[in-house]
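Order as written gives the chain letters A, B and C; numbering starts at 1 within each chain.
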Amino acid sequence: MKNLNARAALTDKVVIVPLLLLFALIGSLPFIYLVAISIKTPVDAFAMPPSLLFQPTFASYLQLLHDGQFGQYLWNSVVVTGAVVLISTIIGALGGYGLARYGGLSSFTLLTVVLVLYSLPRSAVLVPFYQLSQASGMYDTRVLLILVMVAVNQPFTVWIFEGFFREIPRQLEQAAMIDGCNRLQAFIRVVLPVAGPGLATTAIFSLLFAYNEFLLPVILAGPESSTMPVLVADYAGSSDLRHWPLFAAAAVAVALPLIIVMITCQKFIVRGLVSGAVKG
Amino acid sequence: MLRDKRAGRPRLATDQRSRWYWMVPLLVLELMGCAGCVKAPAGQNACGLPEPAVPTKINIISYDSPGMPFFGDQMARCSYGRLQIRHQMLPFDALVNQATISMSSSSRSPYHIVHVYDQLLVEWAGKKWLAPLDDLITKYWTKYRLYEIPTSVWETMKVNGHIYGIPAIQNPEIFVYRKDLFAKDGLVGPRNIADVSRLCDALQSKESSRYPLVMMYSKMSDHIAYEFNNMQHSLGGRLFGKDGSPRFNDAVSVNALQTMVSLFKKCVHPNAVNFTVEDALVGLQQGQFVMGVLWMNNTPQLDDPTASKFAGKFGFLPAPSACDGCAPVGYWAQDSWAIPANAGVDRELLFQVAMEGTSAENQAQASSLTLVTRPRVAGIERSPYWQAGVASIERGAVGFERQPYAYLAKDVIVRYGIDALLGKLSAKEALERAAGDYWRAMHEEDFIK
Amino acid sequence: MTRKEFAAFIAPCVVLTATLLVAPVIYTVYLSFHHLSFGGHPQFVGWTNYQVLLGDDQVRGALIFTLAFVLLSLPVHTILGLALALMLERVGDRLRGLLISAYAMPFIVTPVVGTLVFSWLFKDFWGIVPYLLDKVNVHILWFAQPWAAQTMVILWGIWWTFGFNVMVLYAGLQTLPDDHVRAAVVDGASYWQRLRYIILPHLMPFVLLISLFNVIDGFRVFDSIWVMTKGGPGTATESIGYLTYRVSFVLRQLGKGSALAVLSIVGTFLLISPLLVARFRGQERD
């Protein structure tokens, strides 16, 4: 037995760990590339074989700080993402709870509806969304962007929550309601605290979506409310290679907060995915 | 002097502020700080524009093309009191889609001054999405010294006899080559496509470079359609008949496409069918390509040691022609400012704002970045690229044909032109099919009743 | 829960979804029966758009490529995700955390940017992939040969998705009841037997679910193609999603574009119907 364990440990070290690391490298290769471009001069950045000896420069990061637009777009991103996460989770939790407790709709039907809405090509909704923004007079406001993103994200969120709440025994809130809570109070005080991992998972997926969404802000937001991906894409659109370190620096700066969130929260995500809807 | 357009962004008091805030290490605090730095500075009326009676917001959009974003930023500096001017940059495709959606909509366009290049100007003016500017140009002819812009440039702003754009930048295609290698091998710059082909032979043997030439025969940005149009124009062909019927499948056109295919097969890197401009530039800057035809505005970076391994070793010439004495096989593009017909803001005010940003003084500042439309301040003598560009224009370079339905032809020429380069179709077959598809689309889209 | 309470709980999300999601879907269906260019008025044309599209070579080509993209990448990133998830169980907590984050990188970095940079890896002269292949004397023109460009897009699809699969499947592994595994070990089952008879059946619902989303995502792939190849060389990498965009925005044929969007929803459901049926059966059994 001991011998067997030792052999397993050896396989782990020689085969499994390197393989895992290889795919970690493949996954993050473009990001590493971006970091490299952001601190190299273009003449080094595009040399192949890659130049390993180079004078790193942080000029592009400094330049970003001077670019008034960067701060404004980042602020828009933070406000919009924050609001989308908050509203999505609140509305999604309410809706998911309602569906889980009121027997009318099976989980499967819900999934089918979610998938229909999910499979609509994005390019088909751009024109209706624009016309809506004009009709409502809310074009180029963060409020509109938030509403639309919450809506687009909604089916997914509701469906995840529905799965979570279905697993939480009804007795829990029934006890609370006997003690004099109304349905909403029981939901907030008793059910929600148990649904922590579910909240975390949906919040993080909403965050990823809202923070990275590109097409919606391009169409619905102007100079007032555009978010970071629009600016980064604009930087990337330059055919002057001398601007690319700036583009790379912006892309790195935008991704960093999410990477930190991911490293700190991946445990919650995994725990959240374990229970609930995903399991089926 | 401006090094590039980002360095050329206006330095306002806000920069000082944002710099200070960014020193604070906490991300959250930075964000809070920058929320404050977006307010328009309350200062003097820098442009002397009349302050509107009611609060007025003006939005300008541009895409990244040297010089234009600088002018846009300069316009934004005219903000004063109730007049609030904002400039936003978008990726090119996003700008086109966004402007198309907003100008075609029955509601007011949220954008008031839009950066267009010649093809967009023609198409959008043809659809009556742009406001004609003739009266304003006459009125402000002397105030903004519009007479300094050559008549030939004004002509390119005309659609159906009316002027729809304020010309700011000219961007012709030019021929670039490695002076050092040419000198070493005793080669001289080409005058025509046959010369280019001979240069290929020489470079392939002497420099053992399999693909010395880079041509933008690419699907990206519809570039192959432009190059086809250039070649065909140089050979004396036309894309359309008087009634909009296709002429890009006639003998001249087949010859043009055939010439491109031969050149491509002989010495252009096969990946060029999907090259972006960056691919061509990196190849030249890293020494993989020896020569090529490029947009003039992209060429200054070839001479910049931070971007190019061969700074100072590039030579610039007007684009070669298809035959002796005919026009260069190179596109002449113009970037200009247009005002949407549904802008909903006083057209005269918008015109003034656009002109303040594109004034002779600002153009003089931008003349280190690009070829501006006022020859007096264009700084042509300073840079070899501008000289080559001007020569391309003088020798008769043109843009894509200026019919409102030209975009339909562009689409099919890209599609089947690439098929010809890939060897899937002969030049003749490719153009026959393109013409057939185009003619069907003309009917579907009601250009032919 | 009373009907009234139910209504109150779901009202906010129903209102939002109805105005901002269902309405555009209905509008798209409406437009698909009309001829409309930007700035024009919709003219009713009946089934014409659908007839034209169903007979169109470009649609057929795009459909074939899209199906190839979905069907070739799906098994690869599912198996890859599964393998990595199983291997993750063998490493320490801290390393695992970092690895999972690295696998998630493709969808953390702003997608338009990540995709763009992914395509740079394949650029001749300045990308690492041709450089490395050149060392072993393999020369592939990633942007000029149709099959190579298609392969690149499929590789992108795998790269883009595998991290998500790892996360879900690793989470799935955590729900495996310990006693089942222990019982099997006591019975002397080898690792492969455990995998075959206990672990895989347990993971099936998870695999089904990620496949559902992956098939839909794959079928409507658009932005990444727009960023990497613009559908080229020629039309080799034009997907249905990209074609929908091109018809609507480049050719300005909104009616036809809408019809294509409707067709692609129908196509998606044809494609996922076996998966849906399987999931439905699975739930019935529970």
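Operating definition for what follows: contacts are C-beta pairs under 8 Å (C-beta built on N, C-alpha and C of every residue); 3 or more make two chains touch, one makes a residue touch a chain.
What you see is a predicted model, and the numbers here were worked out from it, not measured in a lab.
J.: Is the chain-to-chain touch network here best called a line, a ring, a star, complete, or other?
T.: Graph shape here is complete: every pair of chains touches.
J.: Give me the two chains with the most inter-chain contact pairs.
T.: Chains A-C share more contact pairs than any other pair.
J.: Per the centroid of Cα atoms for each chain, what is the distance between chain B and chain C, given in Å?
T.: 36
J.: Between chain A and chain C, what distance separates the C-alpha centroids? Give it in angstrom.
T.: Each chain reduced to its C-alpha mean, chain A and chain C end up 16 Å apart.
J.: Send over the residues of chain B in touch with two or more other chains.
T.: 97, 101, 105, 282, 286 - these are the residues of chain B that touch more than one other chain.
J.: Of all residues in chain A, which are in touch with two or more distinct other chains?
T.: Answer for chain A, listing residues that touch two or more other chains: 46-48, 127, 233, 236.
J.: Identify all positions of chain C at which a residue touches two or more other chains, and write them in rising order.
T.: Residues 125-126, 249 of chain C touch two or more partner chains.
J.: Mind listing the chain C positions that touch chain B in their complex?
T.: Checking each residue of chain C against chain B gives 35, 37-39, 123-126, 141-146, 149, 226, 229-235, 249-253.
J.: Could you list, by residue number, the parts of chain B that touch chain A in their complex?
T.: 4, 6-7, 9, 12, 14-15, 18-19, 21-22, 27, 30-31, 33-35, 37-38, 59, 63-64, 66, 86-92, 94, 97-98, 101-102, 105, 107-108, 110-111, 276-278, 281-282, 285-286, 298, 301, 304-309
J.: Along chain A, where are the residues that touch chain B in the complex?
T.: 41-43, 46-48, 63, 65-68, 70-72, 74-75, 78, 126-127, 130-131, 134-135, 139-140, 218-219, 222-224, 226, 230, 233-234, 236-243, 246, 257
J.: Which residues, counting only chain A, touch chain C once they are in their complex?
T.: Per the touch definition, chain A meets chain C at residues 12, 16-17, 19-21, 23-31, 33-34, 46-50, 91-92, 94-95, 97-99, 101-102, 104, 107-108, 111-112, 115-125, 127-129, 132, 147-148, 150-152, 154-155, 158, 183, 208, 212, 214-215, 228-229, 232-233, 236, 251, 254-255, 258-259, 262-263, 266-267, 269-275, 278-280.
J.: Give the list of chain B residues in touch with chain C in this complex.
T.: These residues of chain B touch chain C: 93, 96-97, 100-101, 103-105, 127, 129, 218-220, 269-275, 279, 282-283, 286, 288, 407-408, 411, 415, 418-419, 422, 424, 441, 444-445.
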